[in-house]
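Heads up, the next two complexes both have subunit A, just with different partners, subunit B and then subunit C.
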Partner chain A sequence: MAYRKVAIVGAGITKFVRRAQETGKELSWQAAKMALDSCDLSLEQVDCVTLGTAPDAFDGVHMKGEYLADGAGAWRKPYMRHYVGGGTGVFSPIHGWFHVASGMADIVLVVAEEKMSSCVPHPQGAFLTIFDHTTEQPLKPNLIWIFALEMNRYMQAYGLSKADIALVSVKNKKNAIDHPAAQIPEEITVDDVLNSETLAWPVNRLDISPASDGAAAIVLASERVARRLTDKPVWIDGVGFAIDTAYWATRDLCYPTYVETAARQAYEMAGITEPSKQIHVAEPYDPFDYKELHHMEGLMLCPRGKAAQLTADGVTQRDGNLPICPSGGALGVGNPIAATGLMKIIEIFLQLRGEAGKRQVPGNPTCGLAQAWGDLMQMGTVVVMRS
Partner chain B sequence: MSLPLRRLDCAQHADGSVVAVLAAEDTALALTDIPIWIEGLGWCTDTPTLEMRDWGEAAYAALSAEMAYRMAGISNPAGQIDFAEICDEYSYKELQHMEALKLCMPGEAGHLVETGVTDVNGELPINVSGGALGVGHLFEASGAHKILELVEQLRGEAGVRQIPDVEVGLAQTWRGVPTATGAVAILSNF
Partner chain C sequence: MKLEDYKLGGTALRSSDIKQGRVLSTSWEPDLAYAWDDGVAIGRYLAELKNGRIIGRACHTCNRIMIPPRMFCELCFRPSDEWVILEDTGTVNTFSIVHVNWDASRRGPKEKPLIPAVIEIDGASEGMGIMHMLGGVDPDEITIGMRVKAVWKKPEEREGAITDILHFEPVRPKATKQRAGRKR
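Showing the complex of A and B:
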């Protein structure tokens, strides 16, 4: 395939909080401005803007991509919104990548925003309408209810305990202590997770990421422009996205095939044949603690059913052989859906540039990936990056 | 409906679906004898804030057309575009968009319609398909219907609607109320 090389040259992120004073437009602009400033660009130099943001119901504005347009810096520019639910944030750089790789644009501003606090009493309510009206809505499924099924299935399939899985939450919330944007960084124990309120067994409150407000932005550039703008471009070397069936009853709950399909696309493009050796640092999507394990397996970073053991062995700690979610992930930094995925892209960007500060993983990593998951919980998005 | 718009000035909502298959050049030539080429694309969003727009013109259409014309190498739209399918969700929108697309001079579109220039046999046929006002308005899918009409016309498969000897067509859409977002595509059969 003939396409141009695409680099990330700048990034910005707002603080993730439960209830932001700023409007969604303001959050978008704060992140966009930070990203532009980080690579000394002005809005006039941007050819094209893409925006990722999840359900309209969160912000309470129908067609919220349109509403957020000027906040995202898109006034009188080519502008497109993309939306694949929780997978949106990692689809954001893919959407921008198409514009640069195809030659349509040299500089693209990619913004991801979510303001979930507008959805009262709780954004869970938005999910009551997303499933099939005949076969699934009558069961009144909310996401916690559904993920309780999936987590239980995963535990049963591989003989895992809730404590094995709680280690992920402990690790990520601790990692988040070093993230300036973090909403719920804290040092907790496995017992804290097990003793937190049961929401829908086996899911406890501390197994789950919070609802959040926040925005993130990156700047993508073609190779020629990127080399002029920075000494440390981070290249998007592989992109993948795939969907499985939207019906719960017809998909494998203990293995995320959608992630594997997306990962295989991205790995083939990036020339990765042994993911666990060639990927030095990864940010899989972790809205629930078991999901980090699920996704590590789908990404083929470890054999099926083995992610919990790697976690117990400390392999996925920041100073382990395969650091997973060194940012603190959705569990620690917070989960403003679309912005979370882009936060993960930004974490890999900083890690590969050696600019992650206290969060920096050792060993000068040169290849990393970010992954997200969403839509009707059957969509995987993967981006492989190299310094 | 709301003066000066009357019911028959407004396109009626419809359910529907349109699908197009795109292919790279080599694959396209292997699949069909009459591929229709995408020569130019443009899209643009003006301000989302109602108070800040210029209501007299469609900036989103003008800017997206500029982008598409640049890509397609079109310097004289009125001379180089053989026919167009443009957004007519409300009757005046067809005229406003014709002018924004530089298919005629500002303020001239109404006269062209009255004198038959935009009829199927005119010099610049517009919305020969019947447009959203005639075929129905599919919201986000309305643009795809315009692309379908371009493909059928450029392939000579438009039946009784066929415009003779067309080579370059333009499709344009507006995203509708409350947006100031639009897109333009230019297709050709050579």
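Showing the complex of A and C:
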């Protein structure tokens, strides 16, 4: 490949909370500063800044990228904001990767921020206008509905029960107990999930990640610079992203084809031919518990319809053969949309460096993956990383 | 680096912090209005809904009959070819029983749950559906694969909108009607 090699050399994150006192700018600054400090860089050494943040409607700030630029350290630098819905956070490193891989920059600061709490009484209301304005909005839908529709289809296709799926929520919220940024770490049972409020059957409250405020940041560097900055660079070896039709009701909702398309692109770049064997640890996007299973299948980490069985067998626990969401995921750490995806990238970065503390998966993993998903159930973003 | 070695930013607020004025905030309720044009394809779709019909659009290259209709085929990336009147019946692809409104507020104890569904419309290509609501049915009776039919507003009440279809309700098999007859 004609690409230059790109490494992650530093990372920063804020706590994920339901409502932060800090503004989006301040959260961005906290994460960005921590990322620079973690690899002993100053802002002057940064060639270029990219920023990921999801809908302007959450913050009520139009042109949010421009508003956040100061906090992201972009002052008088090449700067661009990217936004692909829930897929944004894993698109963030891809956007930064372009700049380094192409030779345009040697050091890129990548920041992802979300402040959902500004939208009152609940940010869910801001989602109404993502639906088709003529054929869908008059029915007054919200996102929980369409996830419920997708989950029901998925359960029906493979004969799964709500209890099979609730195991994901139990696992991830428990994993989050060991994450310093976590918003809702807790030990719960499958019954707790099943007995929580039914919002849109088959979706109960504890099947869903919370609304959150938070920010995350990473530093990317070219090979020459990375080797000077750290003994433990983590390489971005494959990237992929793909979108499917916005006519979401015309697709088979039981399988995320767009995730498979993105994964195949990333795997080809990274030389991955047997994902379930070559990927040692993965952070698929888990805004809802069934989505972790859905995405494991789209990522070809297991055969279609088999992810729930792997979960029941303990394979996806931190000490299992294929640890999934050892961070605690969106379900446990929280889900400030764009920042969640980058939190997952940071988790794989730390896992591959052996620096994940109590969350460290055994076996010295050397290859990991993060994935996110978004827009109207149509966008897949995938990054494969190696130590 | 280890996250545990850093003092992380992000200060969690409690709702009491805001209520008791320990933290100041400024609020704004936008009063925005939009008038969305219906477009060429959806314009005809709405006009036919007003006539009590569901219309789709065919692409002769990939041989799909598409709903909602579109003037171009996004797969073949060429103009679509002709209008096709579809049935107002279909099959439930998936459904949900919903207790939350669009803004996440909860439906009241006396309000019935909403039942959104993806309905594959008869006459369109396999798997091509639309989102609409189910009604006139006990939520416990609904199954994926159930046959349903549109319940239309009265002609004089239709306005050329997706809501000209009130909801879809099950196509009752004849046996059900006979049982109802015996009850009388």
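We take it that the second predicted complex is superposed on the first by the 386 of 387 C-alpha atoms of A that agree within 3 Å, B and C clash if a C-alpha of one lies under 4 Å from a C-alpha of the other, contacts with A are read in each partner's own complex, and residues count from 1 in each chain.
Here is the rule we go by: a contact is a pair of C-beta atoms (placed from the backbone, for glycine too) under 8 Å apart; a residue touches a chain by one contact, two chains touch by 3 or more.
This structure is a prediction, so every number in the text was calculated from the model and none was measured.
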Subject >> subunit C versus subunit B on the shared subunit A, clash or fit after superposition >> reply: fit
Original post:
So, does A:77 touch the first partner subunit B, the second partner subunit C, both, or neither?
Top reply: first
Original post:
In the superposed arrangement, which partner chain does A:21 touch: subunit B (first), subunit C (second), both, or neither?
Top reply: second
**OP:** Applying the touch criterion given at the start, work out whether A:66 contacts subunit B, subunit C, both or neither, answering first, second, both or neither.
**Re:** first
Original post:
Touch check for A:214: first (subunit B), second (subunit C), both, or neither?
Top reply: second
**OP:** Using the touch definition from the top, say if A:253 reaches subunit B (first), subunit C (second), both or neither.
**Re:** second
**OP:** Counting touched residues of subunit A, say whether subunit B or subunit C comes out ahead.
**Re:** C
Original post:
Between subunit B (first) and subunit C (second), which does A:30 come into contact with in this model arrangement: first, second, both, or neither?
Top reply: second
Original post:
Across all Cα pairs of subunit B and subunit C, what is the smallest distance in the superposition, given in whole Å?
Top reply: 13
**OP:** Would you tell me which residues of subunit B are touching subunit A in their complex?
**Re:** 41-49, 59, 63-64, 67, 175, 178-179, 181
Original post:
In their shared complex, at which residues does subunit A touch subunit C?
Top reply: 10-22, 26-27, 30-31, 34, 38, 60, 120-122, 124-125, 128, 132-136, 138-142, 144-146, 148-150, 152-153, 156, 179-181, 197-203, 213-215, 245, 247, 249-253, 350, 353, 355-357
Original post:
Taking the complex as given, what residues does subunit C use to touch subunit A?
Top reply: 1-4, 6, 8-13, 15, 17-18, 23, 27-28, 30, 34, 36, 38-39, 42, 45-46, 66-68, 74, 93-105, 116-118, 127-133, 139, 144, 161-163
Subject >> Sites on subunit A touched by subunit B in the complex >> reply: 63, 66-70, 74-80, 104
